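Chain IDs A, B and C follow the sequence of writing; residue 1 opens each chain.
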């Protein structure tokens, strides 16, 4: 439809009728990763977009068949590399669901703490890069970017003292977690999130009610609720369009039912609505972390002995799908197990893959400058898109 | 942007909002002007490594006897996801050794799984990340290099036994301690 | 004859001073911006980064000069020069002290405004000659924007002219002996703010830098330039920025007036300080806001800034007429 039209235009070159075919290629300062969008412009207005993905395909699903259940969690973090904890959580939850393994309470609370901290860190990166795209590498956008990264570094320091790694952790294992919190970590964590809560007020002061920011985001990239449901977007994209659905509340996993948090929903469906949803999610995640730290029970961190050999975990025959609420939406893993140490088939449902499908519906009709604002508010991570 | 609205009241209130928003944003940047920069002056000043930092890999010697810890069991080789470790066992009378131990550091993903499975705490990670070289061959670590690294830098906290103990605390002897027990499942 | 030689020498000295000042102003901007972002800025090249501009200049001089094969050679190669000349020429009309100026024309402000808007020619030549869609898009946006903002710029600059009753820059400063123009109730402050906004837009500074939006158009019309040509374009941009800061300091902040300004040296110092203040305010704005779209930029200009500056100018003229003529 829109795809075939723009493909014809590409073959003709300057598609006649004053149309310009411009390539926002895989190497682009605001492509959020390797993403190619072939835009057809009439003046400043985008008439058609042809999205090309696949530049980051690294055969995760094949790796899932070749690596065992104890090896794969370290690789699962590489799908959504910006929010690695939730990606690993999705995989181990799926395996535990298929095998009916139990996870001790302390491990569940640790997983919640870590997932919510990761959500805060991921949203920090989202806000920074989005403002960077809209404000320029030499300008106000860079300022907000550096503030957000400064805060994200604090959370990464927390993760570093917990696991030893800053970006790709390997924190989860089938049956629980690999690491327990070191002494003093809970106190540092509390201080860090208190600091971030204050700094959030600063970001909002810079952006909220700011006419420059509002004209760039209000009314831009409107996704209606019906369109969101048809295309299958999830996460803050869906909640910004009025669909009140959050997996942490609808299908609680890993003890989320013990915690009290609000799920923000906005009805406008534009970039500003998605921005507001994520800003509220910041504060709600901080609340959840505090509740989890307060209620952290004693006990083992894994229901299975520590990994001693590569084929240690065997899952009896069966199949199942588990999904978690990642920072970008619903991350799901579908596992078909055949009784051995490796899955027979593993499918990854990446949140950004479905979210990115919204682009051909909302980009035609907007200006070139809006394309970057929309891409930023969709917040794709191409590890999830291309797997 | 408050375009000159037909109704004057709307225009002035919009304008007032804009002025206040501009003032707030510039106030935040001014406040940060007064804050101390968060830059760490690397390489003059090095950041404090946390205890569990996953840095370069190394092989260790036994503290008391001075012998190599590695028994060439190849568990690390089997578990490594990108398969960067190659080990050949050397059989001896009392215990085995590793004849060849090769680690391709340029492909290592620093996941610490090899440390996790090692039964003798032979392979560990050190608190160093200064791994950049101009020659890729320097990143193909052989056994001598790995032992040398083990003596050069400070080791991280994690060793195989410590990790495994943390993940499933040792069961008390015969007491029915329900909380501390690890569930043994079919292997 | 020696009059000509003396003038040529003065021009040479001024040109070098301008270029030196422009390179070090980039360092000032980088360190100021860095401090606002909780970091340090250039630090290692020379003590506290003081040799960084020299390192940058050397680097740009040593880079390979790549000319795209399909580029329009004459237009492409001439564009940086056509861009630079107006930006540097306007410095000739700025007097730095009562009789310390290269050419204190009696139509100084008019000459400044007219010549400074000639940079758009060089800009468009660069965008067109590059044979690059990004550059072309950016050049088209730039022409739109700069033409739209030249009018409010002129009107805002005319407010001090009306208040002083002369286009000659030294006369405008002399008219501020009693009270700086920025201190005049309402018209002074509003005029200064309008001047700053118009300067931001005419210089393509955030929030109006849509033409070089790095995240969309990579580098705008400069994208195909490398090496020394890129350096010349940078030089021209920053020179224009500094010249506008000097103009702002001169028109609104009293130029070289200040305690002890009878001595020309101290006057020059005050002038530099005020110009740097204007520059820092513009930088502060630059690093605090996101940019707005080109159609919104044009809306601001035609629907807001132009009527506002026109209105201010009329009010000023009315007030001056009531006062009984200019130069009070």
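Here are a few things to note about the model shown:
By definition in this document, a contact is a pair of C-beta atoms (placed from the backbone, for glycine too) under 8 Å apart; a residue touches a chain by one contact, two chains touch by 3 or more.
These figures come from a predicted structure and were not determined experimentally.
Ranking all chains by how far their C-alpha centres lie from the centre of subunit C, first place goes to B.
The chain closest to the protein's centre is A, with centres computed as averages of CA atoms.
Interface comparison, A-B versus B-C: the higher number of contacting C-beta pairs is recorded for A-B. Each chain gets a centre from the mean of its Cα atoms; for subunit A and subunit C, those two points are 43 Å apart.
With centres taken as mean Cα positions, subunit B sits 22 Å from subunit A.
Remark: subunit B and subunit C have CA centroids separated by 50 Å (rounded to whole angstrom).
Shared interface positions of subunit C, i.e. residues touching 2 or more other chains, are given as 36-39, 287-289, 292, 296.
Shown for subunit B are the residues that touch two or more other chains, namely 1-2, 22, 25, 28-29, 32, 38. Touching of two or more other chains is recorded for residues 140, 143, 147, 150, 206-207, 210, 212, 215 of subunit A. Considering their complex, residues 67, 70-72, 74-75, 101-102, 140, 143, 147, 150, 153, 157, 160-165, 168, 170, 173, 176-180, 182, 202, 205-212, 215, 298-310, 312, 314 of subunit A touch subunit B.
Residues 33, 36-39, 133-134, 137, 141, 206-207, 209-210, 212-216, 218, 286-296 of subunit C touch subunit A in their complex.
Note for the complex: subunit A touches subunit C at residues 20, 22, 24, 28-30, 44, 131-144, 146-147, 150, 206-207, 210, 212-213, 215-216, 367-372. Across the complex, subunit B meets subunit A through its residues 1-2, 14, 17-18, 20-22, 24-25, 27-29, 31-32, 38, 50-54, 75, 78-79, 81, 109-113, 116-117, 119, 125, 156, 158, 163-169, 179-187.
Those residues of subunit B whose C-beta lies close enough to touch subunit C in the complex are 1-4, 22, 25-26, 28-30, 32-33, 35-39, 41.
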